[in-house]
């Protein structure tokens, strides 16, 4: 495996960014640094007319140069660039009215071969692990013509054959209304979609340096693969520079990959840096 | 008939004002100068804690001394004292939540013996006279525990046996939910209510200087009268002074009594006075 | 965010004959009069009009023959009295008028906002207004009570006049709001006419004043004094003199003359403003 | 308008055991923490909690044994991870948790606002979340489509922390609003805790900033830093250090100690602020 010049989070963010079309309305949910980085990246490159709604979509922001993201002053930074302060009901009003233009990246705890997702409960009926909950994923996943999930950890326990509890609806049913929806999944290994005919997950492109075997080993079900596997275009120099130097120099995005004590230390590290700089 | 020291509009406004309880929320609809004068009067006398929502209820105002009302700068005056700018939907949200506290004076084009009102159509099926419409009267008349109508012109064509088109619901039906409602009518001749048992209009008090015959002659149906007729307490010196000198020195309230050319002239007269004073 | 600024005639061209047009403002407050003039000037036909409370806006469109149907809770000139052409056309059955209440309009529009198929409510049961609207009643699946199914109302386009906005359509509506936010959210397209277009940066000091965000707006047209002879707080109040003059000439059956002189004989709303410049001056509030 | 200012313990006394209490804010933003402390200090029991997104607010009330049931779309500490006591109590079936989505909460609350008996919608059909909520489905009287009847949600009391308000309860909520206006409008009673009480005159220069008017508010409590360790823009940001410390001790089963030390052993929230004054100082933004 040759040396990669970019990290997994960087190519994921690049892929996410490229899904955004100029003029889209991008909504930031709870705790999704990679999503907001991808919005800023898109706005600074191919999609300058992107509208960004931050902090669970409540705050409509305006910015020319891509801003730096923050962990500690998330809300303060959004408010500094706010053009309008909405409410959670208004976020839904925008969504219902502008379904065709909305981009929103969700992070599922489980996703299955049909594109169903779960952020509620893990495990069998007897002993279930309680997750924080999906917030709004289940509401809108079935409404959007384009639904996006991102999975920094491509693992068997994330890519499951059948989710334990259905939140976001995949294409399991044959109903026509679901057929028209596109479901895209961006993971640390590749980009996937739910094929309309088979309603099964299919590889769209594999990230540079990743092998089909890596995907197979880390997925609980068979992912359909095209005859000729396409490779994900790597981040450009400009994209990498924007991510690393302008948008996320504190490397907040890495938190999406970490857990336990490592994560806590990384978090405290970022917090201390931010504190020394800002207050 | 002895000389009255007050005019019909003044005793009506006084009666309206006295229906307001301290702490009530008073809503001003479209084109109802007498209603807003009565709110200011109540706030300046027995009900200082009255909350006033002006201009179709959109603008929540705050004031200590009673302000002077305007014809030309209605919205400007309300905005000068605004604490909050709402929307029409929010006005309904307040109403639905605070039904027990709401006071709103409606002016019906027709009211019948059961308290039904009409601001839509006058006349038989073949040739109907189209009125501007009731706006929100029909929505809330049946919801309020206390519904108020005011009729500056107590005439047979206003006090009709049956309204030609039902907007605001009276107590015509026997349904219990309607029985619990109080409907009060204040006219230039007296104060009336719809009796709960008979569901018929009954005289509550007659204005000083008015005879029962005046009411009979100007009403198309029989109004129930108590054995001993009560007289309306006349406006106090303070009330008269507040109305005449503080709240409505331009006599905008008289417009509610006038029609045709007389009305147009009175209107232009007030407008010219306001223009010379304010812009 | 995209620059959405176009000229008024370009914005007007997007409206097709027969479409349902929602008009913002309330009675004689903040009506998009320059756009009403443009609709008449461009000869639009068979429009369905929806407005909470109409006045000269509705009355002119009726007189010009632009409207087939009106849905409104009130059409009149407030303290000034009846809307003359509205009254004549409805009494003469020249146009269809669906008399609504505030609730029946708001419920129908709000259904869009919460992705409700309709709004089930007890309001208005027993009134003749509800009978005329001919809405379905049904039994509640929860309580078995009789309910009205207020159907969704979904205008093709909303026209709203605002005090200020930026080129993206972030708007600050001031004074009486009526149901303009609701109209913007529930209509398929939204055209905003504005007294002034300002830089976005000006909106960032008081973001709480941006009550209609760009996310709901499709088109922006700059149109100073665009609400005359209705009001636009804090710039000018309603021109009751002009409105009285309009009503007088209409009562004499001379609305045609008014329309010719003030609208169709002129190239643009600027021409109208020039024609009535003394009227405009009278109601303009100096620095506000 | 009436003066609605009382002390926090007086406000808390109005809440009865068993009532449904709606909590404003969102996750670690603007939670009414001083009131949460007071609920625990005064030993409230069997409360039903409703919140769009909960974090330490919910977690503490569970650990203190104040709650029987929670309705929420999310309970967690955002970037910090799981809410430890929530997770344990739900997994151990000590409390009932109704998992909602944003929509199911908002639809239930909005039904009150438009006097709808319920909200009929297709959303969530096919999901296990809807199955667990056990809401009725029925056929649309208009289209015959299958719809869910989202029932009204009507909390007994809402607790909302705001940046500033006057003595009448005219509030200016700043930063992320979440569903606080909706909670205030749909709850029977509304208690507002506020960083500052200001004269009404201060609200009249920018009336558009008053987003929660006094007409929806019943009780006002002054409570500076009342949201700590959650954020209150622009005064202080969330105290992630304090929250991490709380989570650590909770994971070790020591929430009881935390509650004793920070709440029940103290007379008031002022005592807590004094105890954690270095924490508070760290997240306080100098003049903003």
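By written order: A, B, C and D. Residues from 1 in each chain.
Quick note on the criterion: a contact is a pair of C-beta atoms (placed from the backbone, for glycine too) under 8 Å apart; a residue touches a chain by one contact, two chains touch by 3 or more.
These numbers were taken from a predicted model, which means no experiment stands behind them.
The set of chains in contact with chain A as well as chain C comprises D. The chain with its C-alpha centre at the largest distance from the centre of chain A is B.
For the pair chain A and chain D, the distance between C-alpha centroids works out to 28 Å. Separating the CA-averaged centres of chain A and chain B is a span of 58 Å.
For the pair chain C and chain D, the distance between mean C-alpha positions equals 38 Å. Multi-chain contact residues, meaning those touching two or more other chains, occur in chain A at positions 59, 79, 85-86, 89, 92. For chain C, the set of residues touching two or more other chains reads 103, 106, 110, 114-115, 123, 174, 208, 211.
If you check each pair of chains against the touch rule, the ones that pass are A-C, A-D, B-C, B-D, C-D. Interface residues of chain C facing chain A in the complex, by the touch rule stated above, are 1-2, 112-115, 166, 170, 185-186, 200, 203-204, 207-208, 210-211, 213-216. Contact residues on chain C toward chain B in their complex (touch as defined above): 26-27, 29, 52-53, 72-76, 78-80, 82-83, 86-87, 90-91, 97, 99-104, 106, 110, 123-124, 126-129, 174-182, 231, 233-234, 237-238, 240-241, 244, 282-286.
Within the complex formed with chain C, the residues of chain A that make contact are 23, 25, 49-51, 53, 59-60, 62, 79, 81-86, 89-90, 92-94, 96-98.
Interface residues of chain B, counted against chain C in their complex, comprise 30-31, 33, 55-56, 58-59, 71-73, 75-76, 79, 85-89, 92, 120, 127-139, 142-143, 165-169, 173, 255, 264, 267-268, 271, 275, 279. Per the touch definition, chain C reaches chain D in the complex via residues 103, 106-107, 110, 114-123, 136-138, 140-143, 145, 147, 149, 151, 172, 174, 206, 208-209, 211.
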